[in-house]
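Next up: the structures, one after another.
Two complexes are shown next, each including chain A; its partner changes from chain B in the first to chain C in the second.
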Partner chain A sequence: MTVSVESRASKQAKKVALWLATFLLMLVMCVPGLWVVLSAFRPNREILAKPPVWVPEELSLVNFGKIFGFGAEQVGIPVGSYFTNSLIIALTSTVIALIIGVAGGYSFARYRFRFKGGIFLGLMLFRAVPGIALSLPVFMMWSRLGLVDTKLGLIIVYVSLNVPFTIWLIDGFFRQIPQALSEAAQVDGCTRWQAFWKIEFPLAKSGIAAAGVFAFLTSWNEFALASQLTRSTDSKTLPVGLLDFTAQFTIDWAGMCAMAVIIIIPALILTFIVQKHLIAGLTFGGVKG
Partner chain B sequence: MAEITLEKVVKKYGAVGVVHGIDLSIAHQEFVVLVGPSGCGKSTTLRMIAGLEDITGGLVKIGGQVVNDLPPRKRNISMVFQNYALYPHMNVRDNLGFGLKIAGQSAPEIAKRVAEAADILGLAPLLDRTPAELSGGQRQRVAMGRAIVRNPDAFLFDEPLSNLDAKLRGQMRAEIKKLHQKVKTTVVYVTHDQVEAMTLADRIVVMKDGHIEQVGTPMEVFNHPLSTFVATFIGSPPMNLLPGLIEGSTVRLADGTGVPVPDRLKQFVRDGMAVQLGIRPDDISPVGHGLSQDGPGAEVALTVDLAEPLGMESLIYTRLAGQEVQAKLYGPRIVQPGEVLTFRLALDRAHLFDAATGKSVRAQ
Partner chain C sequence: MIRALTTRRTEMAPFLLLLPAIATMLFVVALPLVFSLWTSLTPYKLTKPDTLYDFIWFRNYIRIFADWDFWEAFLRTIAFLTVAINLEFALGLGIALLINKITWGQRGLRTIMMFPMMFSPILVGFQFKFLFNDHIGVVNNALQSLGLTDQAIPWLVDANLAMFSITLAEVWMSTSVFAILLLAGLFAMPRDPLEAARVDGCNPWQVFRHITLPFLMPFAYIAMAIRSLDVARAYDLVAVMTDGGPAGRTELLWTLIARTGYDEAKMGQANAMAYISTILSVLFTWHFYRKLVAARRYMGGAE
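Entry: the complex of A and B
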């Protein structure tokens, strides 16, 4: 009797400790994000106050009004065009990276061809090169080709950044799908193409969704290359636009945080929508028949 | 009419040959089983008939038409795969109707034929489930349903029962046989299990290393094996093989024992020939505990090394001419190791194989 009481107590203690550890970990991870979100709704003077004001005294949408150009105060930053640029560049490059990723992933999973191992290794090694190391050569090439400060220029860069990863992830998914399914579909009357679209593609959907989210977030959040290759409202993306809030002598923290929230929201929404697929995708267990 | 003909069919992967020019004709509505150990080329042969493997050489004809270059969908065959290959994202109804839908059949027609197939296989209560919600036997039945719903010219089965447990395997074996009796269609069935081959086949094709060893009805293959390979592969437990030399009309075994050459084989042997004497365990039985006790035979006292009781019969391990052999005892009787019993060898049912080639002396 006493033994079980003791063990129950120790179990309880363990549980509490675990919760505490989780809480601390989450605190470390979440507080900066939370602070950014809070600051987006606070006036600059409260943000800069010393000692810090921990609990906000006033919250308002004034900062958002400022950056979007309505209300009494306005900042001269074209957030709207940055947002549009970001959306166009991220979506286009994601779609292209997915198309190439599906085609490439399927080929690596299903076909045998010469230098297959070498090509795959090459793709993976390309992932290992830090993007910033390529910025100068890319800049030089792009300036000759007239691609600097264009959306197309950035789209091409992001596609090449994302393709190795999408191929790798999607290849893993197609490998999980037994080849017999496609064969059964072909015996059932499908062409190879139909078998792919009707059987294998739907089964790999979670993996493709996961790859898509990763590609989108990479493009959406990328700063280093974008800061080199963009100049004006023609192509500047949101992360680069954040820099506009730093002037020579002042930094508009409130505006910057408001814009950061705007950057975070689409990423959050997207991740939320596909989270079911994402979990299946990341555990690689989504297609067991 | 859908007879299937293979003429000198060859399959190579690069330089490696897997199937070495086999000839086979399968009649309309015949149930043919390709059987052999793994790696013998039986599945590859089936997949060439299905169109899932390229044919390196020779011709495959279905219904008289050469199909070498036709994709699977144009061969009007259906196939049951070892792992069932049910579409995991569709329910049973859609799995069954998939082929019809692809073929552009109308919805009412699909519904009608799916209902018919579901009826034949007892799948009606399961139509709205997904494959993940089915047991192994049910999945197997859905796979068969998907095959019959399209009214194909031929069914191809690729080791369909090897993922099931022993009891279910027996049940499904019977269901496949019943299905063939109901839906009279040409069937090509691949298995490594000689029991499936014996019980299901109209004709058995025994394969080894990419060659056909023997083709015949189950009883022909069992009673007249053309090689030691077939003799030991078909029948369980396998046939005992004892090396010996022909001396006149006697087989002299390794320990000097002389066994008379069976009358029916006398014309095929010559003096000094090295042979293997084949006797099935069923033909070595203790006196009074055998299957048939008439006909010419020899009686010999042997010591029991090991007995495996199976209920109505027991498998007995003993030594004959210095070599371990398996014998069968019919009727319930407890046998102890070390016990000496008088065994009767049904010599008229013995087989002789050329020791050099492994072929039956009748085939020389």
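Entry: the complex of A and C
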């Protein structure tokens, strides 16, 4: 009797400990980001207040209006054009990387050929070159080709940044589809090309979308290369633009927070949509040889 | 005859499909690396274009190897990566085991865990620069309001604390890669061996050490391999948080490359350093990729 009571009590204690640990974990994961988001809606004077103001007295969208140049106070940082640049560069490089990646991933998933493992490893090793190390020769080459400070210059670089990992993911998604399906279609008179578009591509679609989101976010978030290959509003992206705020003598914390929110939101939404497929792609492509 | 032609065509198909990928990588990565190697053997300065054709053999390499600043940044980078990645693995494993135990809201928790992974590193850097600011940062404000300290702690100004803060930001950003993949491993784990071991009288530690952990290792190596592809994104963190300061005490190899190449315009010397950092990253990725392949073979190529 006493034993069972004791074990029930210890079970209860374990449950509480588990709950507490999870709560702490989520706190550490979420609070830093949430604090930035909250600060984006507060006036700079409240952020700078000493002693600190813990409960916000006023929340408004003024900071967002300011960084986009609406309203009386102009900040002088062209966030609007950074946003458009980021969007154009990330979208274009994602689409191109996906086309190249689907071809490459299909090749790895469906064919046996010489040097297969070597080529795959080679692609991964090229991806491992640190961005800042790669930026030096690319900067020198691009300045000769007139590609520095153009969107095209950055798009080309981001395509190569995304191709290896897109191939890794898409290879995994195609291998999850039984080869017998497309073979049956071919027996029924489809060409391999038709079998691909009618059978395999629709089945791998959500996985390919997940790979696309990953590629988009890589380009959307990239800083090391963008910071050296862009100069002006013609091509500067949001992560590079964020540093504009610190270049001044006084840091505009509220403005920076607002800009941070603008960079985060697309990332959060996209991650939320594809998270399931992304995890499946990462593990499947890696574990099954 | 016809058969020979068609087999040749199917032999060519995979290479044709891979051609765009290979061409892109050759043009945007391999070619610049060749150019970079040449540049590292010249005293090239952006301000003096002619110096690009002035071949000086390995003088740049000899110069950086004799430079204590370089070694300091190099060793700091190695130490930083060792500490950060081990911490990320340990914490990620802990988090995965924890969430695996929870019966409700697992999917919600997993989604929340993915968010730091998708944050721009530059944003993570800014976020912690904001939180750790000595005047207005929420960390100091909280510590002072709670009466734990009456002085502002110079998180990003003191050399040791700054390195600590950068490591913390890095761990915050990358632990989820490990947590998510190890959790996926735990979900995929067959129940039978666990129960058999328990019936045979293994204690929880033995079960974990001899059954769970070996099963999880391939997943850990995937995480390591993915992580090793862009270890250099710590550059973004340092660039926004301290920019290598105070007095070069948080300088990593990557920030040193940027400073030498762009700020001091010594492209030749910077390329020599860049080459060393590239070799470092490639070896790192290669190592974990091989471990992954070996672990996969150990598991019989399939689950």
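Methods note: the second predicted complex is superposed on the first by the 260 of 289 C-alpha atoms of A that agree within 3 Å, B and C clash if a C-alpha of one lies under 4 Å from a C-alpha of the other, contacts with A are read in each partner's own complex, and residues count from 1 in each chain.
Note that in this section a residue touches a chain if its C-beta (ideal position, glycine included) is under 8 Å from a C-beta of that chain, and two chains touch if they have at least 3 such contacts.
Being a predicted model, the structure only gives us computed values, none of them experimental.
Within the superposed three-chain model, A:Cys257 lies in touch with chain C and out of touch with chain B [touch as defined at top].
In the superposed model, A:Ala17 lies in contact with neither chain B nor chain C. By the document's definition of touching, of the two partners only chain C reaches A:Gln275; chain B does not. When both complexes are overlaid on chain A, the residue A:Leu61 reaches neither chain B nor chain C. Of the two partner chains, chain B is the only one touched by A:Leu203; chain C is not. Touched residues of chain A were counted for both chain B and chain C, and C has more of them. In the superposition on chain A, contact of A:Ala128 is made with chain C only, not with chain B. Contact with neither chain B nor chain C is seen for A:Leu34 once the two complexes are overlaid on the shared chain. In the superposition on chain A, the residues of chain A contacted by chain B and by chain C overlap at 287-289. Considering their complex, residues 50-52, 71-73, 77-79, 81-89, 98-99, 102-103, 131-132, 146, 150 of chain B touch chain A.
Residue ranges on chain A touching chain C, taken from their complex, read 18, 21-22, 25-26, 28-30, 32-33, 35-36, 39, 47-48, 50-52, 54, 99-101, 103-104, 106-108, 110-111, 113, 116, 119, 121-134, 136-138, 140-141, 156-157, 159-160, 163-165, 167, 217, 220-224, 227-228, 239, 242-243, 246, 253, 256-257, 260, 263-264, 267-268, 270-272, 275, 278-279, 282-283, 286-289.
Chain A contributes residues 178, 180-181, 183-192, 194, 198-199, 202-203, 287-289 to its touches with chain B in the complex.
Residues of chain C that touch chain A in their complex: 10-11, 13-15, 17-18, 20-22, 24-25, 27-33, 35-36, 39, 95, 98-99, 101-102, 109-123, 126-128, 130-131, 135-136, 138, 141, 145, 172, 176, 180-181, 184-185, 188, 218-219, 221-222, 225-226, 228-233, 235-236, 239-240, 254, 257-258, 261-262, 267, 270-271, 274-275, 277-278, 281-282, 284-286, 289, 292-293, 296-297, 299, 301-303.
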